[in-house]
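This is the structure I want to talk about, given as structure tokens.
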Amino acid sequence: MIQQKEITLPAFGRGYHIITGIIEEHLSELPETGIMNVFIKHTSAALTINENADPSVRDDFESTLNDLVPEDNRRYTHTMEGSDDMPAHIKSSLLGPSLTIPITGGQLNLGTWQGIFLCEFRNHQHRRKLVLTIYA
Amino acid sequence: MIQQKEITLPAFGRGYHIITGIIEEHLSELPETGIMNVFIKHTSAALTINENADPSVRDDFESTLNDLVPEDNRRYTHTMEGSDDMPAHIKSSLLGPSLTIPITGGQLNLGTWQGIFLCEFRNHQHRRKLVLTIYA
Amino acid sequence: MIQQKEITLPAFGRGYHIITGIIEEHLSELPETGIMNVFIKHTSAALTINENADPSVRDDFESTLNDLVPEDNRRYTHTMEGSDDMPAHIKSSLLGPSLTIPITGGQLNLGTWQGIFLCEFRNHQHRRKLVLTIYA
């Protein structure tokens, strides 16, 4: 059994945003046992799983990834779309475009502290498209 | 056909540990052709695949990831759980919470030099929970 | 329904190479709805998804990842296979060994600007092995 749904997220600004609840709202009925794949159809945003409790974790993601992949790198040659563009491409590959999460007992089997993050790397708000695929 | 199993690993200290054999011991019978997903239910540890032969590779992972995501970054605001905590969150997203590995001929179809690493980023030993899901 | 195929890519030199077309040529008939997993059987090369249009993006990946994981790090202890070897192991775990991509309407459901990159981290050309697994 396979189910698939393409959704468009609400607009989010630059930063790390917990979207576990938004994804769950789109999943009317999960199988007893299975897998969910979430795929983002963009190259300047990413998906990751991290702490769902203290918002300071998301703030520190923003500053740490900015330190790792700085915007003022003079080596960049792909600069026509703004100084936030090339770092966004690198960050999106470091964090990755998809997540595969087990489904157990009819629910996403995340750890207690795990939430799904949308990572928006561009300065301006975007509405990002996701493909949800569920296997059972 | 789908099989799923939640397992608890033995306690491992900070560092990179090959757990291919431990995972295989929990898989009594693999299908002829399929996929295995391994998911870690934590936000300060990760899973990756890398060289299974020379232990110096795992030592160099420890020092290189520590250089990339240093503990003494004064920008961190999420500091209540110790200086190893916020770097652990960042590292866990850089390396990722899950692996999807093909099964061929009734075995994990890893390359000759590939092993599954548990990446433990906290200073103290932890027993980490994994969910193994097998599709055929 | 599950289909699986092991393929050997043409030789590629160090850098980031779009292989979407090569992969699609090996997939004679895709299901209407499903998932494709692509797995690379090596620890000094990786797979990622990023911009498929402007080649300057791939050039900037090369220089940026080299800055992130430099070859002249004196802390490396795994040095017998050359100065490009240990950085290749680290980069392969940062970008990851596999991709899971939805199939919709009989085609890979990639975003407009998304292409599949083979990331070759070694100096010399290699012919890398991939396992393609398709679920429907």
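Order of writing sets the chain letters: A, B and C. Residues in each chain are counted from 1.
Going forward, a contact is a pair of C-beta atoms (placed from the backbone, for glycine too) under 8 Å apart; a residue touches a chain by one contact, two chains touch by 3 or more.
Bear in mind that the values here come from a model prediction, so they are computed numbers and not experimental data.
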item: Classification of the chain A:chain C interface as same or different, half of numbers criterion; value: different
item: Cα superposition of chain B on its sequence copy chain C - rotation in ° rounded to nearest 5; value: 120
item: Length of the line joining the C-alpha centres of chain A and chain C, rounded to whole Å; value: 20
item: Multi-partner residues of chain A (at least 2 other chains); value: 68, 94, 96, 100, 135
item: Chain C contact footprint on chain A (complex, rising order); value: 2, 4, 6, 37, 39-43, 68-69, 73, 75-78, 86, 89-90, 92-94, 96-98, 100, 129, 131, 133, 135
item: Interface residues, chain B side, partner chain C - complex; value: 33-35, 48-51, 54, 56-57, 59-61, 63-65, 67-68, 94-96, 99-102, 104, 109-114, 117, 135-136
